């Protein structure tokens, strides 16, 4: 895999990965919650996630479009935080390819037997160069798809998982792991403007995808490794507005952190919510298709006011300051974080 | 009260009524159902009406915007059919004025004591010249308005009652009762085109209002007296589409009779449903404001394809053929009907 | 007319007015603009208002539902500011009644001949006790209604004028003029919480209506007399979102001041825009019907976070600080303002 | 490539193609029109397609999400009809692979030089076993993407091309060409119910995809080869409704053939339009993501009333009877058609 072409911070198109693995899409995320019942009320009763299974310490939820067992796991813990970011791969061979690649790169590897996680086949886990806990699986138990059971729709009617968004101190290094090692294409990216004395632009954030829309994972410059949010797909903008109404109607306005609004990046209509433990989810509608192999990434300047919110509103400081710390795949303890290498927010957010 | 100006089938503006009564708006309708539990499943579980009260033989339901006790009554009976069309008046004096007027006009009058209907104050009933059972009340018990309890919204999220639509054999006579006797203004109307030998146009249907939108009651030429449908207001077009999805998802596609579509008349987005007994309800969004006293009624030709469905689709024959027979206000028996004076449907519906 | 009942800051229902006038609805507003061509680009090209007439120094625009000649006037002036708030009355007799009433109350009166304003019949003007410039007219030239000319819809598809919102230093006094003098009913209101030593609550803002929705004019405590915004009605929430997209797409994000969001008060979905001169307009969808004479006003506490924005977002400081100064009806000069009697914003906006 | 597993009419997942070609997605369609100006009015002025280029005899249009030069070609001809169905492939090697495969299969091949079609690189054409004219290209000229130029949005705001829908006399044979030869996966399919004497089910229609949603091409049993419609993607259901309003507002109700409604198959919200020459386009929103390689096709019975229209409405007979005849890739003449092998519509459409 060649480096980005001269003068660009990112590759054009979807690189052939050094690992040789065929990653399909982001599959599901995991949040730590201190009160499983409060989490169930938020995610299931109010937002309308479908409960597939409940164990002694965890909830496995899915959306209305899902055939898979779950798209988010909520697990009891002593504090908020994020478990593995789990990606679907083509088949079991890809798990072997990934294991070899991670070992070669000096990254830790942990095997997860089929059934160790309810509904999920064999999986492997690693910790990315920046410390993000990653999981890869090739199969999941099929459950009833509720897409046309409209009489049972509730809440904000989340359709499916869409993406992970993570903060890392050094975006360029993490970007190269995902692009060159794992084969993610870059749909859009944010760069700092070059310096007055001829310094080159630097990669501030990158939206990376394997499935055919804007992203499966975004990497943003910030204190990290942290999971900034799990992004879920809704069918239309009105479903996003409904989430606001439901939460406010239930007296939980404090869970509405930012939005609704439109992102300049991705063009999507967005809303950011904080669950009762402060873990962040994004509800997201209306981005666009990227199917072609010669997609040219869209560049945004960090200080363009339409970049983050196309309508010009600044994000609140909490949106930059707060995010979920990540678990170690070996100990389950939350990992320490480091300061970012670049300024951590646009000039207009102070 | 003067007659319509020369050459027009309808009055301009809102006539000063001979009765002197100040009618405010259509308030609630009543349908006879043969299986109260099946009706509850349709109206409450699927369509999302709010159940205010249940008695031994009847359900009293309301919408999300309502402060009043109910906007529809479903009452157990041996066959389908329609009970009184109930209108809110300004205050109790208006009930006295109406009583005097109906007696003077030779119409039957029946007094209903406060509380005889759950949640409703004193009322009077009559039978219109065409035989429609009418009720008038001045006060209703106030219940909790659910408008901002978005976390409890269900189904198609009916907001409020909007209008009655009735078939009568002789529209012109019934129109004059509502316009000149009761003070209803005409927003839009349908006329037959004048005949080849100079016959004048004839009034085929009229949309009549007291509140400030297109109608509280519509009168259509047809076998009558019959209640064609009760119309309910929804907040937007997507709520109308949701009703279709919910019913189809629940395996009840046969209850979707016509629509969704846009009416040329009224400009509203509509959907016609049949309850398990065949009684018809309309879900309706997006008409327009008529506040001005000099509103000039909009004339439509019966055979204009955009009149009934702005997008050109013909209504099914059942929409013209079938409607609820009306109860006598004295015996509760269903009244006989007569054939209409004019052709009962446009040429393009055969 | 009796005062509000003991313990309440506002009347219940719609008072019988001392003036005897039958005001129908808010009709149109007028803004001063320094560059008529820039204003035309903003209101017509981008937002989609329909241009009815252009004179040497003014534009007369309307919405897609309007039959009347205009619902907003944009007039060239040396600075931004607001001309008369113009209300439709029942007929010419009401103009006479109002003239007598204003003279009796010691308010200035100015007669406007028919045709002096393009498209408008005879009118009279006054200055309210707080100094708001008011106009009343009984007839307006009828123009083509574009409601079903969907092929010609552009921009945010403004349907009609909805309301005026004004800041005045002493809300209680101005409220009594509109309620007791002019017969406006109160739909909702904001009161300060009573003081610790038994001080009564004070009226901070009132939403007042003559037509059958939440308001034709709102009065808010603040530096005044100032016109805070002109409110326009859109058919649905998506039309409101479209306004944001259009302005951002055209590179005018700075014109988006607040929203989109839902008001707790009125339940409406809102967006506040600033025209090129800083005059403010609100786009507004989905409030509710108030037809009944016994409507009980809804009380909100000033510091309830869901009052102004149901989803909890605070309004920006500019939304409280900035508003259009008002013209004198006699000189056309902008009037001086006074400081408000109460705190001018909630505690959470600082 | 193995045959479908025993007992199923279709393959599970996306087969490895015999041709070895990597087809990316359906790219653009071509319709013959007898009056280019009338076609431009319909597609550009009313429906809002963006005009990229106009030559002496053709229009090249695109959608708001497109970076490519065009997604539909309208070409002057003596009669209505369909030109090539054009698919994007990964790169030029795939054109070579396809050429070898078509020759090996005895299918005609025609080379199209780069630039022969405005904006398009080298391409090859063939005629499918059923006679559908197919084109494959690897590159297209990049033009300005209008996605965030919301101020320039018009009409129904078509975002992108989605799929071809074709009628062929023998679906099973054509399905095997697309699945086994070209590597299309099957998302959903319609089968006839098995006969009373143990006859197996037969494939009546198949929805086939390469990109990650329900289809790039659908094959339906019917008189063929014919192009039934070109399907375009819209951002939401309201954009679909807007198309109806625009056409009706412009007095072209006769161009609205079927819908709006929801398909059981694909779950999408649909509308079928006929252009001034009778060529059919579908506007389409809200299907679902298929990214996983182990997708199990969804089976529908031909006579399930929710299959074609989830809400139960039957399609009009014209929808089954009429479709565009196809051009020969060698002569440009319209090809003769054959009768279908199976019954050509459900029992409830007669």
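The letters A, B, C and D name the chains in turn, as written, and every chain counts its residues from 1.
By definition in this document, a contact is a pair of C-beta atoms (placed from the backbone, for glycine too) under 8 Å apart; a residue touches a chain by one contact, two chains touch by 3 or more.
The shown structure was predicted, so the numbers you read here are calculated from the model rather than taken from an experiment.
Novice: Please state, in steps, how far chain D lies from chain B along the shortest route of touching chains.
Specialist: Between chain B and chain D, the shortest chain-hopping route counts 1.
Novice: State the pair with the higher C-beta contact count; candidates are C-D and A-D.
Specialist: Of the two interfaces, C-D and A-D, more C-beta pairs touch across A-D.
Novice: Please flag the chain sitting at the greatest distance from chain A, going by CA centroids.
Specialist: Between chain A and the rest, the longest centre separation is with B.
Novice: Report, in whole Å, the distance between the mean C-alpha point of chain C and the mean C-alpha point of chain D.
Specialist: It comes to 51 Å between the two C-alpha centres.
Novice: So how far apart, in whole Å, are chain A and chain C when each is placed at the average of its C-alpha atoms?
Specialist: Spacing between the chain centres: roughly 44 Å.
Novice: In whole angstrom, how far does the Cα centroid of chain A sit from the Cα centroid of chain D?
Specialist: 33
Novice: Among all residues of chain B, which ones touch two or more of the remaining chains?
Specialist: 148, 236-238, 245, 247-248, 310
Novice: Under the touch definition given earlier, write down the residues of chain C that touch chain A in their complex.
Specialist: 237-238, 241, 244-245, 247-248, 253-254, 256, 260-262, 269, 305-306, 310-313
Novice: Which stretch or stretches of chain C touch chain D in the complex?
Specialist: 46, 148-153, 236, 238, 242, 245-250
Novice: Of all residues in chain B, which touch chain C in the complex?
Specialist: So the residues of chain B touching chain C come out as 24-25, 65, 88, 90-91, 139, 142, 147-148, 159-160, 211-213, 233, 235-237, 264, 267, 286, 288-289, 291-294, 296, 310.
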